Every structure is written in C-alpha cells, then in structure tokens.
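Encoded as structure tokens, here's the structure I'll be asking about.
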Amino acid sequence: MHGKDVTLDGVAITYPNGFTAVHPTNLKVEAGEFFSILGPSGCGKTTILRAVSGFVDPSQGKVLIGGDDQQGIGPNTRPTALIFQNLALFPLMSVWENVAFGLEARGASKAERRKKALELLDLVALRDQADKKPQELSGGQRQRVAIARALAVEPSVLLLDEPLSALDLKLRQHMRAELRDIQKKTGVTFIYITHDQGEALTMSDRIAVMNAGVVEQVGAPDEVYNAPATAFVASFVGEVNQFKGRIVEIREDGLAVIETVAGVLVGKNPKGLTTGDAAILFVRPEQVQPGQHLTNQFTGQVMRRDLEGAFINYEITIREGAQLVMHTTNTGDGVGVGAELSVGFQGNGGIILPEGQLARTGRELAA
Amino acid sequence: MKSLLNGFGRTLTIVFFVAVLVWGLVLIILPQLTMLERAATAPKRQLDSSIALSLRRDARTCVSVLDAYTVNPAENGASNTGLSIPSVSGMALPSPSGMAVPSSSTMTGPKAKASAEVVNRPYILQCDRASTHKQLVREDSVAKLWLDEAYDVETLSVEAADPIAVQKQTAEKIALIADDLYLQMKQAEAAAFPYTTGNFGKLFAARLIPLSPAQKDIEDAKLSKQLYGLIGLRFERDGQIYERIGLVTLTRTISFALMATTLALLLCYPVAYKVALASTPERAVWLFMGLVIPYAIVELMRVYAWTTIVDNQGLLNGVLTGLGMIADPIQFKRMPATVFVVIVYTYVLFMVFPIFNVMSTLDKNQIEAAKDLGASTVRTHRRIIIPHSKPGIAVGCIATFMLAAGAFSVPRIISRGLQSEWFSQTIYNKFFESENSNVGAAYSFTYTLVCFVIVGLFMWLMRTRLKDFARVQ
Amino acid sequence: MTSTRLLNIYTGGFLVFMFAPLVLMIVSSFNNMSPPSVTEWHGFTGKWYAFFWMEEGSLRADPILRSLDRDRFVGCFGNSLFIASIVVPLSLLLGLSGAILLTRWRSRANGVLWWVLLSPMLAPGIVLGLSALVFWGRLGVNAGMFTIVMAQTTFIAGYPMLILMARLQRQPVELEEAALDLGASPFRVFRRLTLPYLAPALMSAAVIAFMASMENYNTTMFAKGGACTFATEIGAMARNPNGHPPVINSVGTVIILLTVIAAAAHTFLSRREAKP
C-alpha cells in the first residue's frame, strides 16, 4: 500500500439550493501524510471529504489524486476509501464479510476473500470476532472493523469523517494512538475530519483549519497552536483570552501596543498591523502567570477556581468587565476564590491579530 | 436524479421510473381521465343522430319485411300470429345488415293493434316506428321536440291502410331522409363541442315523489327530510314533493360516513391508549393480538357475520321473541342504523392502528413527568398524549372516513336492497342495472371529488401532510 | 384506580364487540340448520364443512346442499388465487419503485408523485374498479380477470410502497455510499445490501398484498365483468335474501382459524426476535 497525494485545485462547492459549502480552495495533502481538517460543524469540511471521495462534484476546480484528475470518476473507482461517522457497517453481514465486501465487488473468490479479510482483522486484532455480526461488537471493535474494511480495498487515500466522535473519552484517546499506528504501518495518506482540536493536534502531521467554507490556515500542529494566522484559528484552536481594541503604537522590537478594556497591552505583531488598526490580542491561559514585573501586569480578584487535577484554572477579574483565565500547574499552594492576585504575561506571550470572525464560545453555543 | 443514478445505476433507475410511470399513468391518471371524458360525454342514445339512425334502421327493416311479405304473402299469412308481434332477433328476418331487431319498445301497443285490424298486412313494429314525427331527447323534457319539426323535414309515416307498394315507397323515402339527416347530424355533432355537463346536472335533478297526503304528513315530520328541505334538496311545488334524489343520496352517504368516523374515533381512542400506554408489555401483546385478529379477517366475513345477528331468524329477533317482547321479527335490515353499526364495526379498526402506532412512540416518561408536575389525567391527555398522537388520529380519521364513504359491501350485503341506497350502490346501479354509464361516471367522479375535498379540508385543519401516511402505517 | 378499572372494562367490552359476531358465525357453522342460526339448535353437524369434499352422490342426496354449485365456488376461489399471483408480484415491483423514487429522488416532482401514488389508497374502492373498467373498455379490453388485476394493483401497490418506504427511510444512506465507495457497482449494492435489508419488509408487504387481493370486494365487483372471485362469490351468496346455507360460515370459520394461527405465529416469532 502506498499513499498518494491529494490536491484541491481551486475547488468550490455550491449546493443546488444555492448554499456555498466550500469557497474556492487550494490545498495539497502530501503522500503518506496524516492530514486533518479541523473546523466547527457546518464549516464545509465534510463536503470537502465527499468531494475527494467522489460523492459530491465540485462546482468549480479539480480534485487530483496522485496527480490524476478525478473529474467524472465515481466513488466506486477512486483510489480512496471513506470511513463514515456512523461507520456504516453492513448489519446483515458478518464481520469478515464486511471486511471482504470490497474484494467481493472486485470479483475475488470466496476463499481468497476470507483469507484477506482475516489478515486485515489480524492487523486490527479482531481475528477471533470474524464470524460475529457487527452489532455484537463493542464500539471500539466496530471502529476497527470499519478501518479494516476500508483498508481491504488497498486505498491510496483513507478518508475519515469524525470516526471517533461516538466513542467515550478513554476509548477515543486509545483509538487516536491506534489510528496513528495503522497510518504509520500502512503508509496510506489519511485525511481526517474532526471538530475536536485535541484529536487534530495529537494525531496529525499537518492541520487545515476551516471556517465557513474557507481554509483559514494550514500548518503543523505546533504552528497552528502557537502561531495562529487569523482571529478565528486563535479562538477555535485551544483555549484563549481575547481582548479587543485598537493599535496605539508599533514598538522598535516588533511588538505592538493595543488599547483594550483590560488596559494598554503589549503583544507580538506577526501580521504587521499599523497604528489605528482594529485588532484583538490573544493570550493562552498557560502564558498567564502569577507574579510581579511582567510586561502586561494586573492585579485582580479570583472569581472562580476549578481544580482539574494536574492543573488549576483561575478566572480573575482584572478590571470592570475584563476577565483573565490562567492555567497553572497544581503545586499544592494555590489560592482560593476571593483572593487578591498579581498576574500577567510577557510581551511575546500575547499575539495581536486583525479583527475577524471568532469561534463561538461555549456560552454562545449553549445559548 | 443524479443521486438515483449514482445509487442504483442506470438500468435499475430506468426500471423504477418505468414502473412508476406505468402505475401513475396507465393505472391511475389515464383511467381517471377516461372516466372524466365518459362523464362529460352525452349518453350515446340521446344524440339526435342516434335517433335518425334508428329511424333509418326501422324504415329499412320495414321495407325488407314488406318485401318478404309481398314475395310470399300466403306463407306469411299462415304464420300471421308469428309476425304480428315481431319481438327479439330469434326470427330470421332478411334484413340487409343481418342485425337484430331492436326489442325496446317506445311505441304504443293499443294503437298498433287497432290499425292491424283494418289492414291487409300484419302488424310490423318497424313500419309503425318508421315515422319522421319522432320525439327527440332533451334534458329539459317539458316541451316535446319532434324530429320533423326540429329539422324541417317532411312529416311522413308508413300508414298501414295504404297499399303495400305505397307503404314500401314511403318507407324507402323515410329511409333516405333519415340517412341524409343522419349524415348531416353526424357531421354537425363531430364539429360541435363534444362535451357536456349534462351528466353532472343529473345529480341535481329533482324528481317528483308521489305521496298520499297521509304519507306526506309522516314524511314532512321527519327530521332528515326537514334538513334536506333546509339545504334545498327537497322542495314542494304545487302541493307535490320533489327531491333531488342523487344529491340526497350523496349527502346521506357523506353524513353517515362522517358520523361513523366520529363514533369510531370516540370508540378507538381509549382502546389505543390502553394498548399503547396503559398496559404492561406482556399484556399489551395479548391485547394487540385481540385487535389484529379481527382486523386481519377478510372484510366480507366480518360483514357477513352480522347477518347471523340481524336476520329475521337472527340472534336479536330470536332473543326478543324468546323474551316475548315482540311477536313478529323486526326487519333490522330495513333500518339505516343497522348499516351504520356494521360500517362502524367493519372499519373501526382502521382507526385503532394508526392511533396506536403513533401513540406507542410516545416516551412514557413524558406522561410520568406531566403527572409528576401535577397534571390531571384530562390535562395529560389534552396537552401531552393527544398532541403527540395527532398524525395518527388524522390518518385514522381519513382512512375510516374514506372506507365508510366508499362502503359498498356493507350496504349491499346487510341491506340486501331493502333500504335507501348508499351512494356507491347508486353508481353501481347506473353502470350495471340501468346501463347509463355516462351518468354513472359523472356520479363517480363527483363522489371522488367530494371525498377528496373533505379529506383535503380535514388535512388542512389538522395540519397533516401526506407524508404522515408513510410514518403512521 | 377507578378510572383504570373503567378503562379495563371498556377495553374488554370493545373486544367483545369485535369478537361476538365472529363467535356467533363459528357457532352457527356447526348448527344443522339452514339458514344459519344460533337461537334454534338443530344438532351438531360438520356437513357445512364436508360440503367441500363430500362425494357427488351424497351431495345430491342432501336437500339443501344440492342447490349449491360447488364447482363454481371452487372455480372462483381458483380465480382469486390466480389474480393474487399476478397482483402480488406486480404490486411489489410498483411499490418498491414508488418507494425508492419517493425516498431517494430529490426533485420538484416529488410532491406531485406523492399525491398521484397515494390517491388510489384514498379514493373509494368502487371508483378504481369503475375507472379500470371504463379505461380498458375503451382500449377494447373486456371486463374480466385482466381488469380485476389492473384495478386491484392500482391501490394494492400502495401498501408495499408505504411499508417499504418506512423501512428505506430507516436505512442510513451511508450504508449504500460505503458499499459504493468500496468499489461495488450500483447493481451489486442493490442486490447485496438494499434487497436483503428490505427482505422482511418485502415479505410482510407480500402477505398484506395477498390478503388485500383475496378479500377485495368493492373494487373487484365493479371491474369483474363476467368473471368471479372468492370475495364476489361469497358476497353473492351472502346477499341471498332468504338466507343461505351455513357453508359461508364454515368458510369464514376456516379463515378465522387461519388468521388466528398466523397472528399467533407472527407474535411469537417477532417476540423471539426481539429477545436476543
């Protein structure tokens, strides 16, 4: 099995009802790469996946796999295999028949099919379950059957549509590692769709972050997390404090000064904003630390304290209408609710980006 | 379309489309259009051209019969009685087309007899009918219209008193005139707009009801008759009672169907509730079976089973006689109420199952939650159970109504023709007994339309969509 | 408590109402009296059943039974089976096609198609029989078995359609997509996935279509011309104003027995299936 690269060349997708799910997009997924597309639900990531697998035709642009234009090639002849969110295992067939279905469609003999299916079930450690029905397996086992079934047709590109979302936390974490292993072992290109940034960050070689049909940033997990390209990426990937304001000064050292409700703050200026621009300063809670003499220094009152085991999360009111969230390691000497606290962050701990659409917060989602 | 092609491939997609097309067109739409056409066409024999045609036929037959008579008068004279009443086609008449002599007699018997006594030939029906002074059929049959007057042709008829040769001549002349008229009319009729609403008009036509004064008083006192009067289905003119019979039957059928539906709903709701929500699963299975078995038994058998009860020697009469309450058996099959009860019995289960199916999808926790929050039983039903079951109630009502309104087996078997017709029987009679299929088609079309309008209104009121039918079944 | 009891009593009453006529019919099928009665008991007999297999000689000897035309009855029953054997597969094909188009064909015509295909189920049965009679008559086909088949199929095809549609809607489209994605041809997907998935629904649809065809009276009466079916023959016998020998009661009793067995078997099987 060898992975192939996948290229989206100006692909745009508009549904018959006029809704544009994907705006013109250029994207190149390298052969053998574990590539994730991360975004909130409805951002168009599944549509891209369906365009690659051939269930949706792009309204504009081309999909190329291994350099070949896929125009006019149906899903049953593309070198891709799709793993569905609900797995779509065939309920009336046994596990091995499920795995062997792709071979059956290719006209392999029954003995051949069974042999190959058992090999693949070996790979996912399910050989002893071969004659059961999918309904009789546990969630994780079904997951692995779906993977074996997809690998049976020896695809060059495996497309995964949030396959872990139905599993519980522990199992999900275990399956992440397992998927990663299978990808390494087989060398197949994985394109993984998820709205869970944790999944994307832990498994991927590279991540594309999408919002409202547009790819906002493509990069390695560290890059996406530490150097977000847009306000949306900063707010969607990981937790972040955000302070809206206006640039008041560009400093010699490349940092910029922004005036916000929390006061005048200093942060990195990767986008080269100039004085007067509307902007947002983002700072990760782990960049915030207790102490004095920091570039951005506040004193505030602890409003909430959540113990998460190894970490403690504080919500501190630093000014009328301005809160700051801080994550510290639990060293056993934390303060309680109501305590006064001196906190702050360094100049290069914050990042200033042009104003733009933000990801919806938990409170907004709940509303 | 594309998703179908992708999902099923070209061959299967074509098969599906062809099958649905055949079903939709050949089985559903075209037959209905043919019915509409039939309903909008005037009955054949009423056309003026058909009258001209029959006149030509009569005249020609008259000529050939006279021919046969002149060739062999003695023999014919011997079998005088045989010829005097030419009836059905069993007789070998040398008619040119070899066609059967029409047996229907619109003619007047006594007059024929009177003339036969005078003359030198036996009575020949066709010669008697060969007259250009023939009545035309018109919808408003108040003033009589005659062929010779309407089309301005010579008034001719074969007079039995004339010499045979003259008779033959006249008959030939009549045949020529009729032939000419027929061709003219045929052309005119072909050119004219072929459709009429006359058949639909028949539904509204009023018919005189001959009643003695005593009967009239009884009839007038009846509530149903008063109601008919109120909506113009019954009226009095010159001391005589007229009724729009077709419309009366239709109204009666629809009202009975509506009442049967209401009664069925009232009967079924508690049963559906009991089986769906108020029983342990173990018991619900048994109750469900108790409903399925009568539902699955052939409809006709369920109807027939009632004859054992309502017959003159049936259970009811037997019991009543046995108790000494009555001397003579009550004629239950003459009572509209009997048909009504059996219709409710036969179709009530079509109400139970849709309601049951929807009701059983209700999460029982909702009922408990409502009770827990202090709702009374009535309120729980009104606010939780009934709103949830609404699609089932709607579908059940529609199914029951359509079955009751379209009922044919029940009134046919239970009443055995001994009481007022159900509208479906009226249509049956129009088609198969009075052979007036054009009017029958018009009736049937109106009937469907009225039922659909009622169902449509009901669906609109209940905010039901057609798709609920698929969900509820 | 009282309202629960009231409901129980009412439900019991309802079931009595449903079963009483049937029970009376069964009882009178064993009464040696014609026309059937339950009030006068003339002794137990099985001859109303034996009618169907008794020898010609003993048939002629019986003063009541000899007036009945056994061959005609059997012939009409055969007609019904023949008609059902065409109506059922035809209805399954039309119903399946309709169900697939209605659930999978995203098109503006969808709403119209709903109305057209469901209208025969809503229309009075007699109208369907009549329109088949008139339509085929116009094409030169005389009323008979053919028009009965056409008229019955018109509305019976709706039952499989509704049943299959319910099932199709429950099948996730992903299953078919997954199979296509694995390289199966659409036809293979249909054969290996869709049909097996629909199989139980097709079975019950076939049973329901068969019963609907056998028992249909209203539509058949209008389309039958000179032909007869089981239902029209029973209807004709039952209409006899002087009452009719309880032979119909015996037929009815057999039908009830078969129905009870089938319902019990179905309940038993589906319960065993539900308990894994």
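To keep things simple, chains are lettered A, B and C as they appear, and every chain counts its residues starting from 1.
In this section, a contact is a pair of C-beta atoms (placed from the backbone, for glycine too) under 8 Å apart; a residue touches a chain by one contact, two chains touch by 3 or more.
In this text the structure is predicted, and so the values were computed from the model without any measurement.
Participant: Please identify each chain that touches chain A as well as chain B.
Facilitator: Neighbours common to chain A and chain B are C.
Participant: Taking the mean of all protein CA atoms as the centre, name the chain whose own CA mean is closest to it.
Facilitator: C
Participant: Higher C-beta contact count, B-C or A-C?
Facilitator: B-C
Participant: Please tell me the distance, in whole Å, between the geometric centres of chain A and chain B computed from their C-alpha atoms.
Facilitator: Once rounded, the distance between the two centres reads 70 Å.
Participant: Using mean CA coordinates as chain centres, what's the chain B-chain C distance in Å?
Facilitator: Going by mean C-alpha positions, chain B sits 24 Å from chain C.
Participant: Quick one: chain A and chain C, Cα centre-to-centre, how many Å?
Facilitator: Chain A and chain C have C-alpha centres separated by 57 Å.
Participant: Scan chain C for residues touching two or more other chains and write them down.
Facilitator: Touching at least two other chains: 180, 185.
Participant: Indicate the residues of chain A shared as contacts by at least two other chains.
Facilitator: Within chain A, the residues that touch at least two other chains are 55, 74-75.
Participant: On chain B, where are the residues touching two or more other chains?
Facilitator: Answer for chain B, listing residues that touch two or more other chains: 6.
Participant: Give every residue of chain B touching chain C within the complex, in rising order.
Facilitator: On the chain B side, the touching residues are 1, 3-9, 11-12, 15-17, 19-20, 22-24, 27-32, 34-35, 38, 267, 270-271, 273-275, 278, 285, 287-294, 296-309, 311, 313-315, 317-319, 322, 345, 348-349, 377, 398, 402, 405-409, 412-413, 416-418, 424, 427-428, 431, 437, 440-441, 444, 447-448, 451-452, 455, 466-467, 469-471, 473.
Participant: Touching chain C in the complex: which residues of chain A?
Facilitator: 53-55, 74-77, 80-82, 84-86, 88, 90-92, 101-102, 104-106, 149-150, 152-153
Participant: Mind listing the chain C positions that touch chain A in their complex?
Facilitator: 172, 174-175, 177-185, 188, 192-193, 196-197
Participant: Using the touch rule from the top, collect the residues of chain C that touch chain B in their complex.
Facilitator: Checking each residue of chain C against chain B gives 3-4, 7-8, 10-11, 14-15, 17-19, 21-22, 24-25, 28, 35-40, 93-94, 96-98, 100-102, 104-107, 113-128, 130-135, 138, 150, 153-154, 157, 162-163, 165-166, 169, 173, 176, 180, 185-187, 189-190, 211, 214-215, 217-218, 221-222, 231, 234-235, 238-239, 241, 243, 248-249, 251-252, 255-256, 259-260, 262-264, 267, 271.
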